[in-house]
Amino acid sequence: MAPELHRRLAAEALGTAMLVAAVVGSGIMADRLTDDRALALLCNTLPTGAILVVLITVLGPISGAHFNPAVTLVTALHRRMPGGVALVYSVCQIAGAIAGTLVAHLMFELPVLQYSATARTGMSQWISEAVASFGLVFTILAAQRYRIDVIAWLVGLYIVAAYWFTASTSFANPAVTLARALSDTFAGIRPLDIPAFVAAQFAGALLAMAAANLLTSDAIAVEAPVGEGAAAINPPRSSRRTP
Amino acid sequence: MAPELHRRLAAEALGTAMLVAAVVGSGIMADRLTDDRALALLCNTLPTGAILVVLITVLGPISGAHFNPAVTLVTALHRRMPGGVALVYSVCQIAGAIAGTLVAHLMFELPVLQYSATARTGMSQWISEAVASFGLVFTILAAQRYRIDVIAWLVGLYIVAAYWFTASTSFANPAVTLARALSDTFAGIRPLDIPAFVAAQFAGALLAMAAANLLTSDAIAVEAPVGEGAAAINPPRSSRRTP
Amino acid sequence: MAPELHRRLAAEALGTAMLVAAVVGSGIMADRLTDDRALALLCNTLPTGAILVVLITVLGPISGAHFNPAVTLVTALHRRMPGGVALVYSVCQIAGAIAGTLVAHLMFELPVLQYSATARTGMSQWISEAVASFGLVFTILAAQRYRIDVIAWLVGLYIVAAYWFTASTSFANPAVTLARALSDTFAGIRPLDIPAFVAAQFAGALLAMAAANLLTSDAIAVEAPVGEGAAAINPPRSSRRTP
Amino acid sequence: MAPELHRRLAAEALGTAMLVAAVVGSGIMADRLTDDRALALLCNTLPTGAILVVLITVLGPISGAHFNPAVTLVTALHRRMPGGVALVYSVCQIAGAIAGTLVAHLMFELPVLQYSATARTGMSQWISEAVASFGLVFTILAAQRYRIDVIAWLVGLYIVAAYWFTASTSFANPAVTLARALSDTFAGIRPLDIPAFVAAQFAGALLAMAAANLLTSDAIAVEAPVGEGAAAINPPRSSRRTP
């Protein structure tokens, strides 16, 4: 039996709040302590990856630990969650994300309400967000199938990589994008630039859904060496597919 | 059968000593080797997270690896530990923490007895400590319920993140706070600032206890994707709840 | 039953593409953000290691997650894969690698088609590549035997180390080497220097095959302390040896 | 049945060689790329920790993955290994360590034979080495008892921490110390300073043996929260104690 909906919603709100507080807060701290922009991004990257592993592990059993409307949308499209629940999930994620920004500002003695002036726009940014979201959602869908026990680690590590290999530093999350528009700090994004970012994120997520449908199957590799064991240890559980 | 109390107390003292030696020692080393303050904090963060994983894993089976009076208090309030034991646990944690500071000073050829002159005060610092301790204790309580096998990793990763997303660099531990007042180095805190820090830490810990009671339940999510497996692999053990 | 070949090939292409996009993309990002070359390499190293863990874990169950013609060759020489399949695997790896470079250029608004001008030649570079590939393939072969459940982690961690302990920053992969010649950025290599690199990589891989044959056996250490448990927990599965 | 002795010895030599090549090689690389000494040490630390996890995991099942005469000595004193075997283990470790230094020099185009001129002496250095070795050996002994499945991770993480919290950067290994005297690079140590380092390392190791005997017991904590699960999942195996 699933936890009652209100617990799940609270978990989504709390988790997204802590995630955004970590993203925004570590960006402020790093930016204050160094002039080297690569070092600042590194000191923003590692806390983000670390908190993702923690939050997904401890809140996953309650709400699924989406913290991300794009992930929730894919879940609903897979018919694993009713559309109405997906909607309230997303609302709670956004509310939590905004709260996380405010808490970060409080902790760093900044004006609580702000708007970012950091322009993040243009085709290369949008391709980056689509690639980032594609990789994130593909990782989640494949991990659900093959190695659910380490999914929190995979998401954290994926984001650590994506912060660096995309030109946008991989927001890959509509709720987080919205909240980061409310912080004129290292991790901010101009409100004007949100719609294209979010569109690119949903596009990447849907593409990942298609790719995961094509690539994953119940059959398991027996010849190829590197990953064969993962499959042997975690055979796909067909029961999970049942809505 | 639990290990005899004296072994548990020795484990608490040894673990807290090594934790504080790592926090203070890596702070001194980092501070000596670079002028970049973000880099110094990073080189203080990673050893702290790493040693936490090690110490909690190897001493946890002996004493529970609290190393933290706030964690011990929550344990006692959950009626998993008699008040008297909690008290001696805390005393040993504090004694160990102070010993750890002294050992760090010895290793780095510094005067053994010092008092920190680093001011850490003000509302934003206190909010930071409350948030840091809330997250730490919530992580521990939820991990005990859902993924006890990786709790050491979660605590280490949480602290790696919290060093950066809080303005106080996340002391989150009354015994460690006390010991860091005895070191006028990178990781120090002015003795005058201890009481408010400790109060904020206990406040955050109690808030986490309440949140964990509200959010965690024996029912398991079945629809949401990201974390469902964690629950399947580590079903809540109701027996653990029995005092 | 193994997944159909076309799925396996798609997984190899996708995985190698994402790997190379991460290597090249994080190199560009790091190079743009800092003048410190060690910091740039660190910010290239960590995303590479992180994405390797992710990709090997989620694609391993489909294709074995080679992403590397040297690994595929060793697999074929072990008679775990027909020569024809090994050949198409390699072609897909190279195609994927090149696509990954192009995507990285797109994300960072660089000319899509480029040739690297970075000279990487000389005996010390070749020894480095041979050592790097030896270590990589030995790690894979031994991990397949003893701890297949963590093989993705071991490969990621090995590459993190090898980026630093070899003078060549450890390409250790003919497909990735080829693709990096098409990027005149931080991670590039002059096309002229490819043949010797690839030869050294295959030499290292074959040496690792020999060393693994000599060192690994079905018998398990019982006296020595550090690693005994690994063997106890993951006894060699003789069935895996069956072609 | 244990692997034949010659395989075990080859594994010890190979593993120690790769460990030292990683320590010395990453030190050279880091030192060449940056003037910031903290950054250089960080770029020496992470590869060292990473390669330790890899080597202990893949060679542990063959030889126990000591790579360290102090660990071998403790093993022999625990009567888990005959004295004669311990002696040849140590010889192979030293030979491997020296070979690793030479390979690192070859890879970086340095004179193969060198002597370090880096003075590392004085009481604070010796205390540091004793503390470092105490922590390392205690971690190994406790991990063998409680969480052998993650012992490679614990050793790697411990060394990551100890590089920073000790003033000596934690050699903690007589064979590695000897080999590092043969490299006049970042990781070197003056030959003259070896004896006191090695003496401190053995002292720390013996102290750890005593502490582990006092602290670990077959009884398991049932009340304390943080680490209780580790014990539940990995009950002490009394059979391991049988020589």
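Chains: A, B, C and D, in written order; residue numbering restarts at 1 for each.
Methods note: contacts are C-beta pairs under 8 Å (C-beta built on N, C-alpha and C of every residue); 3 or more make two chains touch, one makes a residue touch a chain.
Remember, it's a predicted structure, so these values are computed and weren't measured experimentally.
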Query raised in the report: Which neighbours do chain B and chain D have in common?
Result: none
Report summary line: Farthest CA centroid from chain B: chain C
Report task. Please decide if copies chain A and chain B contact each other with the same set of residue positions, more than half shared, or with different positions, and reply same or different. Result -> different
Query - Distance between the centres, which are taken as Cα means, of chain C and chain A, whole angstrom - result: 27
Query - chain B and chain C: spacing of chain centres that average the CA atoms, whole Å - result: 38
**Report entry** chain D: positions in contact with at least two other chains
**Finding:** 36, 39, 42
Report task. Counting only chain pairs that touch, give me the topology of the graph as line, ring, star, complete or other. Result -> ring
Report summary line: All chain pairs satisfying the touch rule are A-B, A-C, B-D, C-D
Report summary line: chain C residues touching chain A in their complex are 1-4, 7-8, 10-11, 14, 18, 21-26, 29-30, 33-34, 36, 39-40, 42-44, 46-48, 50-51, 53-54, 56-66, 71, 74-75, 78, 80-81, 85, 103-104, 106-109, 140-141, 144, 148-149, 151-152, 155-156, 240
**Report entry** chain C residues touching chain D - in the complex, by the definition given at the top
**Finding:** 36-39, 41-42, 45, 49, 122-124, 127-128, 131, 135, 138-139, 142-143, 145-147, 150, 153-154, 157-158, 160-167, 211, 214-217, 219-234, 236
